[in-house]
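Below is one structure. I have some questions about it.
All chains are identified by letter, namely A, B, C and D, in their written order; residue positions are counted from 1 within each chain.
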Amino acid sequence: MSDTFTELAANLASIAKSFHARGWLLGTSGNLSAVVQREPLRLAMSPSGIDKGELTPDQLLSIDDNARIVSRHSGKPSDESLLHIRIVKDRGAGAVLHTHSIWNTILSDLYASEGGVTIEGYEMLKGLQGVQTHDHSEWLPIIENSQDMAALAEVVGKTLNEHKEAHGFLLQRHGLYSWGDSLAQAKRHIEILEFLLETMGRTSFIKRKHAI
Amino acid sequence: MSDTFTELAANLASIAKSFHARGWLLGTSGNLSAVVQREPLRLAMSPSGIDKGELTPDQLLSIDDNARIVSRHSGKPSDESLLHIRIVKDRGAGAVLHTHSIWNTILSDLYASEGGVTIEGYEMLKGLQGVQTHDHSEWLPIIENSQDMAALAEVVGKTLNEHKEAHGFLLQRHGLYSWGDSLAQAKRHIEILEFLLETMGRTSFIKRKHAI
Amino acid sequence: MSDTFTELAANLASIAKSFHARGWLLGTSGNLSAVVQREPLRLAMSPSGIDKGELTPDQLLSIDDNARIVSRHSGKPSDESLLHIRIVKDRGAGAVLHTHSIWNTILSDLYASEGGVTIEGYEMLKGLQGVQTHDHSEWLPIIENSQDMAALAEVVGKTLNEHKEAHGFLLQRHGLYSWGDSLAQAKRHIEILEFLLETMGRTSFIKRKHAI
Amino acid sequence: MSDTFTELAANLASIAKSFHARGWLLGTSGNLSAVVQREPLRLAMSPSGIDKGELTPDQLLSIDDNARIVSRHSGKPSDESLLHIRIVKDRGAGAVLHTHSIWNTILSDLYASEGGVTIEGYEMLKGLQGVQTHDHSEWLPIIENSQDMAALAEVVGKTLNEHKEAHGFLLQRHGLYSWGDSLAQAKRHIEILEFLLETMGRTSFIKRKHAI
């Protein structure tokens, strides 16, 4: 394994532990990846079915752009590797993170009929790459969930193309995807979007926006 | 003690610490077990009345299928050992975990009159053994609480028989039981069910499903 | 310092750290004590104005039954030492713990006009010393807050006398007191009462018991 | 670097880690400073765009009263350094801390139309410097958010002058500022104000004060 892979694997394991502690990757849910090299594409990808609170750097897998393992590692890459690869290609992302938090699950459901959720007016938005002011409106698309990963990757690609400014998207009753040029930026984006989704969810409790 | 017992005891203590930190085993509540051997049955069982945040591997007890201690350890096995044994026998489980979380307590009460709670449509359900899609409906039976453990074990056995697909059950105003082929699978099941119960509970706040 | 003091001080510091992490002792709030000897009374008492997440065993003070320091330690014992001493004398307690959690603050306010809060029907109640079944009704008295510690100690004494079965009490918009024969039992009682107060508070959100 | 700077930098990094764990500094948000010397003013200031959970003491920057770096360190001081400097000057503060918590964000929005939020009657208020009783009324002004830091520093100065008793203020949909004579006191003030804002926010859920 290259030095780059080794370093990225250590950082991915550290982020997995931190996010698991926050309850964003419970029950082996979620997955994490980072680009090791672009030509040909090599991605350090979290394995399927592993407790993210116990993930060790040597469990990370090196995969190609068809989600096939290219290292001597045993294991099975995450089922959602095709989504990561699509995001890496379409956004030029250096890292992709996917969390299952309670609040992103709730909001992905409450706003599903609107096709997405608008987050606007919060200072925290400035932490999203390229955003210069709290007076920004972020549209987070919500995509219908599916077990057909090839088909879902197509829908993700279409969504990324239609919403070129989006820093993430939600899968309905499933979770949040975000990414960044670097792994540190992807981590920052996830923390910001999780914070804002929880803030909006709790505010709607008070304001009863969603009362039925 | 066998190597198996020693390894399971270390893993049980580690899970106890992690769940106590999340507030799922406060005040010495909850209990944990894992199968050491099947013929005759030997179970590594958490002792009664011990702070789960401080549980050490040497405090785990080896019990037989009548919940009698069979090792040289002193201590008293959990009062609910008979429930663990019943689950191990009826489900062929390799490990059983029982948590007292705030959300499982609340939902075990809110849904008691319906006899159980349906969890459906969440991606997280895929983490339950044998579930292949989010388009799954999990029925979590709710059993009336009792201090008569022999009688309660009978009701648990009857419930397990009537709901052969269930991955867990709730005791009303008491807590959650889940299990798995292995201890890692049982831990995964608890994390998933706790996540989903909290998600449903918080969603019902917004939707006021339970308003009176 | 005696071996007993040294051991209790270490355990008090450890509990302080754990409770501070849970948000029950923020901003130097709360206080902790344990009986070193009874005749004459010597109490290991937390100092006033110290960050409980940073409390070290050597900061614990030895005080007598008038809340005067009897060791060579410098520092000022907690303002509420007189309440601890009263509880130790009237209940024969071996340890007293006082937490400021968000949920005990909320419920101490919501139920103040009723003079206390009834907690009943929860399995968790069994963790309170002497309680044998979930079918138990615990009355947690609520006392009006005051800055006159001598006067407040009198009210506490009167309340303890009127509610001989109570395992704790609330000071309105202030916090929770509980105690135990040992420090481990006092910690168990706090964890249980905090759990139950949060459970009741969250349930009342759903049921809107307190809606105005 | 002076011994003072070195010690303050270590304490600032430790507080950053602790607050990040509580979710008050997610996504590189928030900033922290402490006075190293007054004449001329030297402030140990957190850098811009750094993960506060990973902040190391050597990343702290020494700045002057124009927010210019005066040490050999590379890096960029926080955009909000001018607000810190203004608070240090106008309040004579020894340390300034700024957090982005979910609850301070929510309340800064809900109470914005009232120009501030009154916190009164809580024992926790006694932890604010100079407050002797729970029977105290704290007015926490809410200032409209802005990206023009020079202009915002002016508004902050005006607000501090108009509300000489205030121990902190909120920026709308942005966060909380508090300070203290020492870093320990500033940390205490933040913990107290965060606790009280969350307590009030959760109470208003029950009482539906803000229902629309």
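Structure notes:
What we mean here is this: contacts are C-beta pairs under 8 Å (C-beta built on N, C-alpha and C of every residue); 3 or more make two chains touch, one makes a residue touch a chain.
Owing to the predicted nature of the structure, the values given are computational and were not obtained by experimental measurement.
Shared contact partners of chain B and chain D, listed by label: A, C. Overlaying chain B on chain C by C-alpha atoms takes a rotation of 90 degrees, rounded in steps of 5. One inter-chain figure worth recording: chain C and chain D are separated by 31 Å, centre to centre, where each centre is the mean of the chain's CA atoms. Looking at chain C, one finds that residues 205, 208 touch two or more other chains. If touching chains are joined by edges, the resulting network of the protein chains shown is one closed cycle, each chain touching exactly two neighbours. Of all possible chain pairings, those that touch are A-B, A-D, B-C, C-D. Residues 18, 22, 121-124, 127, 132-135, 184, 187-189, 191-192, 194-195, 198-199, 202-203, 205-208 of chain B are the ones that touch chain A when the two sit in their complex. Taken together, the chain C residues at the contact with chain D in this complex read 23, 26-29, 51, 53, 100, 102-103, 105-106, 109-110, 145, 147, 171, 173-175, 201, 204-205, 208, 210-212.
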